[in-house]
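Written out below as structure tokens is the structure these notes cover.
Chains: A, B, C, D and E, in written order; residue numbering restarts at 1 for each.
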Amino acid sequence: MDISSLVGLLGGISVMVIAIAIAPGASFKAFIDYPSIMVVLGGATAAALISFPLKQFLNTFRVAKHIFFNRQQDFIELIEQLVSLAETARRDGLLALEGRLEEVDNPFVILGIQMAVDGTRPEIIEDIMRTEMDAVATRHRNGKSVVDQVGRFAPAFGMIGTLIGLIIMLGNMDDPSAIGPGMAVALITTLYGAILANLVCLPFAEKLGFINKHELLTMEIIIRGIMGIQSGDNPRVIEQKLNTFVPPKLRAGAREAA
Amino acid sequence: MDISSLVGLLGGISVMVIAIAIAPGASFKAFIDYPSIMVVLGGATAAALISFPLKQFLNTFRVAKHIFFNRQQDFIELIEQLVSLAETARRDGLLALEGRLEEVDNPFVILGIQMAVDGTRPEIIEDIMRTEMDAVATRHRNGKSVVDQVGRFAPAFGMIGTLIGLIIMLGNMDDPSAIGPGMAVALITTLYGAILANLVCLPFAEKLGFINKHELLTMEIIIRGIMGIQSGDNPRVIEQKLNTFVPPKLRAGAREAA
Amino acid sequence: MDISSLVGLLGGISVMVIAIAIAPGASFKAFIDYPSIMVVLGGATAAALISFPLKQFLNTFRVAKHIFFNRQQDFIELIEQLVSLAETARRDGLLALEGRLEEVDNPFVILGIQMAVDGTRPEIIEDIMRTEMDAVATRHRNGKSVVDQVGRFAPAFGMIGTLIGLIIMLGNMDDPSAIGPGMAVALITTLYGAILANLVCLPFAEKLGFINKHELLTMEIIIRGIMGIQSGDNPRVIEQKLNTFVPPKLRAGAREAA
Amino acid sequence: MDISSLVGLLGGISVMVIAIAIAPGASFKAFIDYPSIMVVLGGATAAALISFPLKQFLNTFRVAKHIFFNRQQDFIELIEQLVSLAETARRDGLLALEGRLEEVDNPFVILGIQMAVDGTRPEIIEDIMRTEMDAVATRHRNGKSVVDQVGRFAPAFGMIGTLIGLIIMLGNMDDPSAIGPGMAVALITTLYGAILANLVCLPFAEKLGFINKHELLTMEIIIRGIMGIQSGDNPRVIEQKLNTFVPPKLRAGAREAA
Amino acid sequence: MDISSLVGLLGGISVMVIAIAIAPGASFKAFIDYPSIMVVLGGATAAALISFPLKQFLNTFRVAKHIFFNRQQDFIELIEQLVSLAETARRDGLLALEGRLEEVDNPFVILGIQMAVDGTRPEIIEDIMRTEMDAVATRHRNGKSVVDQVGRFAPAFGMIGTLIGLIIMLGNMDDPSAIGPGMAVALITTLYGAILANLVCLPFAEKLGFINKHELLTMEIIIRGIMGIQSGDNPRVIEQKLNTFVPPKLRAGAREAA
């Protein structure tokens, strides 16, 4: 998953770099204009900063790293672990789960098991876990909406920068030979805005939406598993229930269940 | 929260001012054109004035100040206060709350406590509080929709101003050397429209939506708290219920509840 | 309410007239082009005429006059009147309401009272009143959607007119000095389309949506009131119920109810 | 209803023809370009052909003729006929309806009566009639969506045609005097796309949506009527029920019912 | 169904090829520019690659072939087969179905029958079949959304390519005679983006939506049929139930059922 985002980003940049490199009479220098970068990046960031509380804006960077460094939970493995925990709980009692906590990586599973071991009432366990899940969903959705918003403002500030450039250029049109280069510089801002929106922000937002959906499904599976473990359900029944979240071909122990 | 909006607005303006300042041959004077300001600001305001009843239009200014001067309610503190009031009510009776009203800042909490002290029937308390909440939601939503609308009309009147400028310029094209400056002036209106929409109205509307959501959640917590106090619930139960609105890490007294 | 729409419309027009008046070298004559008016207004009207049944199209004019001449029902006054009618009905019987019908202005209240006096069964009264309410909602929504549609077609026909002008101009470009004025005339159609959409149709449609919402709320209050009167409810209870539609501060007799 | 669509279409075309006719230096010949027609009409049709199964694409022409030749069912007349049939059924039995089938025009009424006469079970009658109604709704919605789609693709292919024209023109710019006419021809494709979308497809799609809604309401009335007739309801009760679909002023026998 | 997509695609391409072929002074060579193809196709693909997990991106090609090679299930035939299987099951028992499995083509019918023969509990059969159906729906929807996304990014990268071309051209405007051809090359990228979006991606996405809806309906019919067979329903009742998915005219054995 991570690789595709990285490959896509590098691929998209390469495509444009190559197109410039092979064009006769083109120089990369002509495509670097610091004030234009400032207007597009600064303007779109400013607009996003106005739109969102500071905490949410900053949180975006934490969320955005998931686009590239996202270790996606394997559902099969997760279900197998929950079933194995259920077997232990059924055989040796809920308290025996404490000894197995160190094998568990997922902090959400740990949270659930810990509460079950502590004898927390099931309604409170579910309530706390669902609230945590809602908080994650909100945090991710907010992160996505900041990226989305920057993606929507970027082309607008690209146009604003180009308008500023055009007004300056048209205002002192004494030297006709300067019109071409002036126009070129003005258009760079539009180019930056289009690239920032279409190669960075909009695809990133789309990917964050995906990651979010996957993580919420993971948490849903965990909640169902923990609730089953806590109430002492038969591990086979728990497995069968959790498997409905996975396509038949991939189901853990699909054969036995059927 | 407030600071991010102010920082964003000043940052966005700075970015454009710097871009103009460092551009060779540019003068700030070239970017000030009063008739253009009049067409964009006047036109978009006029369109919003046609779209909404006067009362709602004027109310927008009152709502808009929240973008910068918004003292956001701290949920933890609010829940602690409601729990403390519940303890007093349970220990010394509902009437004892009257003596504690002066410590309370939030007028919505005061409204609820006052009604409980007056012996108003619970259905009526909830009905009045929910109606008040709806009224706040409507007032905020209306305020947001005026800002939204101005943001949508601004680019259109930017274009209208540019068209007016172009028609005037093209109509007397006797002096070719005047074309450039004429065109520059015509484009200023488009620039104003784009800035008004993308640096002011659309981010402001987005922020108002956020503030609204937060305020409604605050009111929901208060209503639940007041209803619990009125019916003499155990303060611990009230705390546990209200805490579900807050992410686990931040919960007031989370440890004891679990 | 009415005044804001009129002020907005006149303000919007003034802004453009002043911008033209103070521009050096501009003449109003340059902004009047009858064929352009014909293409934009005729084209957008034609498209709306194709889109809607004739009856609905014509009905729009009747609905549109509400934008300026809209006598908005005062909720407080309405509730007071319904409560007063309820008191009469409770004191002197439903038939006594007949004598008070002449004080009532609102035809929808009259319809309801008349049916109650006639002894019509309550289900039928409610059914007839709700059907009437639905018919009003549909008529208003249809009126709004015609205005909306003209607002959406106007810029398109503005562009169509400009394209026609450009094609004619480019087709006989023998005299280079005629290009400027030809272009100016071509752009006028785009200007007309933008003004028709953004200063007239879209704000009008928005306002009609508002008026509609307010009128439906009025009818909802009346239906609830009439049903309460018909079933002989306590006038205080009726007042309390109807007051939930009004923000607490404005409630009729809010003090006594609380 | 039909007339307004025809008047609108002819009016829209006239407006453009007159605008060209009265423009100085314009000739109709300059507005006819067969390759442009081919690109816009052919391209938009091709895109729609890719988007939809062939059967649905062809069905559009059958549906589209309703825009002009739509005999809209009169609700009052329909309700009167259903009530009259109900009276016959109640007086002389369901079988007596067979003799009255020849007075009935609407094939959907005939279908329902025929099944009732045949003694088909009521659930099956309703099931078959609702399935037929769904099929009509789907057929109409599909027809509308093809027209919608062509309307959305037309401007795109207008732009594609203009781009092709511009690229050809710019590629051989040896003769500067040819630029104007070449540009004019290139722009014709954009003009065609805008007209096809805004004067034909989008208004037609809107109208089809309207016709669809009206026809479904007609079928709903018929189903309710047939079910009432089949179960031997009192004709007065049937009339009263069906009348709720019609605004009070227009209700058949409204006076008696009230 | 397949033919219409192929005809549409070839027709759309032909229309543009012919338009170029008959234009005076045009050469096909002027419309081929490899760097432009690279920017549009590469850029849009890169953006889609960032947006989606690699597995989903690659899966698109598998889904896309359905646009042209889609053997659509005939509902009538399917229902007849299910009814025939139900007759066998009722006459000779569920186990007898095993002998008829080889006549069945549809793997989803085979899956269901196999589970019924194996004596799997009905809830589990339905659960597994519905999960499989959801998985197919998700896979198709994901495939559609990749195509949709490429269609949305293609025009953006067309514009990006044109901006790159314009900036290069304007940067070295020493030779005025090179402006025309340089502009022509720059516009080709926009043309490619528009064609990729409007003749390929958007119509393909629309068609995939259709195919998906049809396949899900097929699976729904199969699930209902298998559940009926498993519970030993009367084959006539099964037929009648399944027929409600088909318009009356086309119903299998419609005559007998009525």
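Assume a residue touches a chain if its C-beta (ideal position, glycine included) is under 8 Å from a C-beta of that chain, and two chains touch if they have at least 3 such contacts.
Bear in mind the structure is a predicted one, so any value in this text is a computation, not a measurement.
Path length between subunit A and subunit D in the chain contact graph, taken as the least number of steps between touching chains: 2. With contact taken as defined at the outset, there is no chain that touches subunit D as well as subunit E. Residue numbering at the subunit A/subunit E interface overlaps only partly, since under half of the positions present are found in both copies.
A rotation of 145 degrees, rounded to a multiple of 5, brings the CA atoms of subunit A into register with those of subunit C.
Each chain gets one centre point, the mean of its Cα atoms, and the points for subunit B and subunit D are 44 Å apart. Per-chain Cα centroids separate subunit C from subunit D by 27 Å.
Arrangement of the chains shown, judged by which pairs touch: one closed cycle in which each chain has exactly two touching partners.
Residue ranges of subunit E in contact with subunit A, taken from their complex: 35-36, 38-39, 42-43, 45-55, 57, 115, 118, 120, 124, 127-128, 131-132, 135, 149, 153, 156-157, 159-161, 163-168, 170-173.
Of all residues in subunit A, those touching subunit E in their complex are 1, 3-5, 7-9, 11-12, 14-16, 18-20, 22-23, 25-27, 30-31, 67, 177, 179-181, 183-184, 187-188, 190-191, 194-195, 197-199, 202-204, 206-207, 210, 240, 244, 247-248, 257-258.
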